[in-house]
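Lettered A, B, C and D in written order, each chain numbered from 1.
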Amino acid sequence: GCSSGSPGGNAAQAGEPVSGGSLTWAVETEPITFNPHQYAQAKTRLLVWNTFEALLTHDDKGGYLPWLATGYEVSPDGRAYTFKLRTDVTFSDGTRFDAAAVKANVDQLLAPNYAPAVAAVQLKNLDKVEVRDAATVVFRLRKPDVLILDFLSSPQGAQISPKSLQEAENLKAGGPQLAGTGPFVLDRYTPGQEVHFTRNPAYNWAPPNAGHSGPAYLDEITYRFLKESSVRVGALTSGQVQLIEGVPATDESLISATPGLSLQRGLNSGSTYSYYFNTAHAPFDDVLVRQAFREALDVPAVLAGVYRKTATRAWSVIGPTSPFYDKSLENTYGANAQKANQLLDQAGWTARDAEGFRTRDGKRLTVRLVQSAPFVRDRRDVLAQAVQAAVKQSAGIDLQVQLVDQGTATKALADGAYELFDNSRADTDAGAALNLMLYSTGSINRTGFKNPQLDKLLDDAVATTDQAGRTELYRKVQQLVITDQALVLPLYAPQDQIAASRSVGGVGFEPTAGVPGSAYRLWLGK
Amino acid sequence: MIRVEDLRVTFQLPRRTVDAVRGVSFEIEPGECVAIVGESGSGKSVTARSLVGLAGPGARVDAVRLEVDGQDARRFAPRDWRRLRGGFAGLVLQDALVSLDPLRTVGAEISEVLRVHGERSRSARTRQAHRLLEEVHVPEPQRRAGQYPHQLSGGLRQRALIASALAAAPKLLIADEPTTALDATVQAQILRLLAERRAAGQTLLLISHDLAVVAQLADRVLVMKDGRIVESAPTKALLTGAVHTYTRTLVEAAAGRRRATGPAPGPVVVEATALRKVYGDRAVVRDVDVTVRRGEIVGLVGESGSGKTTVAQLLFGLAEPTSGQVRFEGQRFSGVPERARRPLRRRLQFIAQDPLSAFDPRWTVRRIVAEALPRGASPAPFLERVGLGEDVLDRYPRQLSGGQRQRVAIARAIAPRPSLIICDEPVSALDVSVQAQVLDLLAEIREQDGTALLFISHDLGVVRDLADRVLVMHDGRVVEQGPASAVFDRPAHEYTRELLAAVPTLEVPA
Amino acid sequence: MTIALDRPGAARARSLRAPRPGLAAAAVFLVLALLAALWPALFAGDPLAADPLHVLEAPSGQHWFGTDQLGRDVFARVVHGARHSLSIGVAATLIAVGAGILLGLLAGLSHKIADEALSRSFDALSAFPLVLLALLFIAIAGTGTTSLIVAIGMALVPHFARVVRAQTFVVRRAAYVTHAVAFGAARSRLVVRHVLPNVLGPVPVLAVLGLGEAILLAAGLSFLGMGPQPPSPEWGAMISEGRGYLHVAWWASVLPGAVVTATIVALTVAGRFYQRRFEGRELA
Amino acid sequence: MITAILRRAGAGLLVLWAAATAAYLALLAAPGDTVDAIVGDGADTPGIRAQIIQEWHLDRSAVVQYLDFLLRAAHGDLGRSYLLQRPVSAVIGSQLAPTLKLAVAAAVFGVVLALLFAVTARRLTSTAGLILVSTPPFLIGIILLSIFSFRLGWFPVSGDRGFAALVLPAITLGLPIAGTLAQVLRDGLDRALDEPFAVTARARGLRESGVLIRHALKHALLPAVTMLGWSFGVLIGGTVIVEQVFGRPGLGQVTVQAVNSSDLPVVLAVVILAAAVFVVINTVTDLAYLLIDPRLRRS
């Protein structure tokens, strides 16, 4: 059976929570690092919170809940954030967690050659960190930036024992030598194969929304890295693992049909999986062509083909679970081949060549989508092929999908040798994603779109501490990029799936982020 | 002991059948030495091998009567054959040099026979192997038993093979071409060995294409041709009164005859002085002087490895002498660049032992001979001269018989009207009867064209038949030279005498 | 009566004759594959026509090989894929043969030291894993069809170079080349008239066998995601794409795989037949 | 004797150096520079790039970088992975064992199967072998996996835990080897059984099995030994694919990942490792020849 991501969804089958037991969970992605500061793969987020914890955590309404911090205060000018810390927390290596530890973590993040991306993006407005007393720490900013809270609840803001920061042999790669405060301790990592955690018996500082308190239920948990979806599903159906994440749509029916297995889906936070138009050159420098491309595509149809009705169609760059999502955008565009052709005629792409593609001045309407093979997931290459077939059929657009290696992809992006760029970001605060993708100097702004008005809106949204104000600003942003400029073709809201044996209880998703939660809540029924 | 009546053997090949033996009948009595002679492919080996059930892969053997050791072999199961093999009949295969497993020691091969025939004790086998080797006159049998075939000379290998065939004391020893591929001197030793066995009462079936080889040993000779026995008679009777024409050719060839001498020698064609060739640190040719005059046939003889081919290569300009000089028609031919030799090239030709490899396999006979001719000239007359019809013109070399190939090689060699042809073992690969034809042809060419021939062979009989003058090589040196009659009839050098003594000749009662 | 004879003959004679029906099947298959590569429209419809309503349907009268994840007809894709896969194979083989002949001749005809260096590197390269060589090349040149072709071509070069060198070596020393010297032929003439034609003799057969290897390698690399761009219906890529749906649609990967196997078997059978013919002609 | 060993070692080093240098030069020519590779699909600003250049010393000239690479490689230091942030020796070292295990198991399986086939079922060998050799190994793997693991659940789907996990991958990898090897062995046996020495052996009354085992097999092994180098190539190349299919850890996975993400230090190390194995295999082959064939032994 399927149920959507409410926590503890299948408690009924697993019975009441019991302590003890060990579990094996097959996951798709092997982390390239176990150091949360270096975190870059959304798919590995579920591992981070087993060992590490942050000052705050998200609730499911876009707000924050205390975790290692008991609370925080913002100065009126929005440039100082004062955190009160818990005093009963120790790292698994015995070191005490206190304000000095928080400062040590931030200092490490700012150290040269350590985490350049974090320093340059999340911490770009941080001036300094002050230790007021053992339980109080102040973050001083150069200018107001509400995203600092998002950072402090993100894996990169997770707290590592200052001792292991000093002593770890391979700090950047992480592993058993890095101590955190989490409910589990990473004690064994076999590259290419699995990672093993055991329960931290001293743990007693779960966040309020964790569902229970005290040590975790499970004695131990093993995550096996099985890249192939068919292999993961096979492992689950043949009983070799109890949990898997990443279930392809085509296999969902198999799971549902197997007694003793259950399936859950959770929508991710952040930006939706979208195609961004490169406005730097023809043909997408013309808003008409951008609109035409969007109209040419019947998104639900291609999604149904590739994902079998399991995908949630997106209407905006921001995911539907985000508090900033503008619902009014829904059903305002798309799936109108007639209009698409009209727009293209208007834009001058009137002629057709022998293969049925539109041309202008003898040049075919060709657009390139460059995908970096190592980072393609969720069958996005298949989706691209479906889109390719669809826009060819409906509007004579020649979409060329280039599935290439990372070096070639980077080079193509640097040279502007692309017309479409695909991306989704799993940031918990959608604003963080928009800053990277839409801001004129954003580090992954691949649209070539530079608009002072847009920059201003984004700046203001970051400087505004009040939720309603931010929501309004982001509504304007969405209107601008989706409706006015047709800068983006949103496709679907990324989601995670967990399939599990019904004996496993507490299976669920992290609030806001929407990715599979840590193992803290899991238990093994009989 | 063996009774065969109307033996027929056919080979079922993918696309055709070969009738190798077409109705052969004979008998072998205990203590007898019977020889089978005949040209290549006449079915000698297959007949012999059928007697131990090893006619060959894909063979179909039929006989009205096939009695081996008093039993009817037509009803034999594989294990009955196995019991006979080695025990009743020892077989020495034709391919003497490759009939011992190259990956096992000689001793192991001999003990294997003993093991198969019931000798259980390993040490007893070893001891017996040594004794057997000693019996066939292998020096230092202990050491040799531990060696691998490649460490033994051809003669020793053949002896070891005979020893292994004799190991289980068979009643009958079948020796298929026991002396081909061996040097004349070694040949003689093996024949002596067989004679010894025969004297000791061993029944022998001897096979050869050379009548001269077997005539000395055999009581009775069976002459085979095209899978049939064309004549069967006691040796003596056969030599004096052969009935079949084919048998007469054989007798004639084996007896040898002087061919007409040529015209008086003309001017010097090639002159080599103090030739020396060193390979690595070994002098293969040392201080050899050779002069060949127009219209002369010079024979170059010597045992294998004595340097005959090397001399030919030096004369032909395929190798540069380490020291010494070659002059061809008065001009320097060694030590000059190939470019300088090129104008002279056509006047100096070469015929090798294996004509097949001397022809580009992709060329037809027409093209091969035409290569030697001026542009546009027809090759047909030259083929006619060597006795070949136009029908061979469009064939490929591999579609010709050995004799035909050698004729094409001769046609090609005489086509540019050379003043000298160097022939390196031109008839060694040919049947005795074919040999005679080719030799006649060469003699005729010398007579008609006045072409000089340098004729290299380890077969003294052949050289004696053809050459005017003979050079005897030993260990890289010319140890004796002079007119053929002088060298052959009154050999001066010890080594020449040894060579001559080894040549099996047929003393045909006049 | 007939005496039952000991072994090899019978088996050997049969093994020479046995492949006949196989040979015929191979020939028919190869002709079909060639036709498919040249005029795919003869056999099948549009390989790119996606049909979201009929994805992953089992083989049926309408879709002989079923449909894939986008509802495309697998049979049509296999047929059209013949052009891609065969042309990748042929192009790679041509590169390998061309460079192999050049390098092999160079080694076979040059002096000791150069020959030694060249043939040592052929040895080393041909013992080096093909996949690794190709991967290395792709790491350098990036993915894509061209790069795949060149990678496979390069990986197969040593194979041909070795054969050509060995052959050159034999031919260069063959008596008939010596004989040509007797007619005052210059070196260049020897090479052109005798050495080259005889060296190249076995090359076509080897090329046919090499083609099989190239196709297999291409499939392997495509499988690793280093092949042609989607939606190109290359066989290896199809197997690879279909693998994700193995639970629900085995046909999407197994049937294209069977076609690859059949192609290579057919090529090998044909190649070996001609090889035997060729050798037979040399010997007989 | 000593000079011979020294010569061998010298030649081996030369091969290693040549392989490393060739790979290094080739990678230098790759599109997209090192910084691109390290940035990956992460955030990309001039500041980040500057830091990367500084961290990895990419501002030095190519020659200096090459010499530095050689010098460090000579000391066994193969550098640090761009992607995994760990020393290459650690990355490779941790993956060596699973791959070796797989390769050895596959080789043993392949050789045993080939011998069995070649000696007992010679007729069958050519057809079965041909089909095996002609089937893409990953297809065999996929089929085995779905039948024996997914459907029947006899073997674990993946990983490197225990012997059971080794069975299917080893079979997948070993089958093509068995196919080719069986054909070569069969050819060799047929050829050897037609040789005069085999006929002579029969003429001694040896039974056919005796001729086969005592005489022919050793001869058939010679061409099989020649294939040792080739099999090594197939094995290593095969592990790349088989590990992918079975989700096994190992060098193959590391290699594909490194190639995909242009993780040059790892790619280089893999090349050097393969070259080293090549040198070893070559030596082993030569020794095996000497062992089998006395004609090659110099007295």
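Rule of thumb we're sticking to: a contact is a pair of C-beta atoms (placed from the backbone, for glycine too) under 8 Å apart; a residue touches a chain by one contact, two chains touch by 3 or more.
What you see is a predicted model; the values in this text were computed from it and never measured.
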Hopping along touching chains only, can you work out the least number of steps from subunit A to subunit D? 1
Which pair wins on C-beta contacts, C-D or B-D? C-D
Here the gap between subunit A and subunit B, centre to centre from mean Cα coordinates and rounded to Å, is 87
So what's the Cα centroid distance for subunit C and subunit D, whole Å? 21
The distance between the C-alpha centres of subunit B and subunit D, rounded to whole Å, is 50
Calculate how many whole Å lie between the centre of subunit A and the centre of subunit C, each centre taken as the average of the chain's C-alpha atoms. 45
Two or more partner chains touched - positions in subunit C: 6-8, 12, 138-139, 142, 225-226, 243, 246-247
In subunit A, which residues are in touch with two or more of the other chains? 228, 230, 234, 373, 405, 407-408
Per-residue multi-chain contacts in subunit B, two or more chains: 54, 57, 78
Please list each pair of chains that are touching. A-C, A-D, B-C, B-D, C-D
Where on subunit C is subunit A touching in the complex? 48-53, 55-56, 69-71, 138-139, 142-144, 225-226, 229-231, 241, 243-249
Please name which positions on subunit D make contact with subunit C in the complex. 15, 18-19, 23, 26-27, 29-31, 122-123, 126-127, 130-131, 133-139, 142-143, 146, 150, 190, 193-194, 202, 208, 229-230, 232-238, 240-241, 244-245, 255-256, 258-260, 262, 267, 270-271, 274-275, 278, 281-282
Over in the complex, which subunit A residues touch subunit C? Could you list them? 228-230, 233-234, 248, 250-251, 253-254, 301-302, 304-306, 308, 373, 379, 381-382, 384-386, 388-390, 400-405, 407-408
Where on subunit D does subunit B make contact in their complex? 194-197, 199-208, 210, 214-215, 218-219, 292-295, 299
Subunit D partner contacts - residues on subunit A that touch it in the complex: 32-33, 38, 40, 112-113, 116-117, 120-121, 170, 172-173, 190-194, 224-228, 230-231, 234-235, 237-240, 372-375, 405-411, 414, 436, 443-444
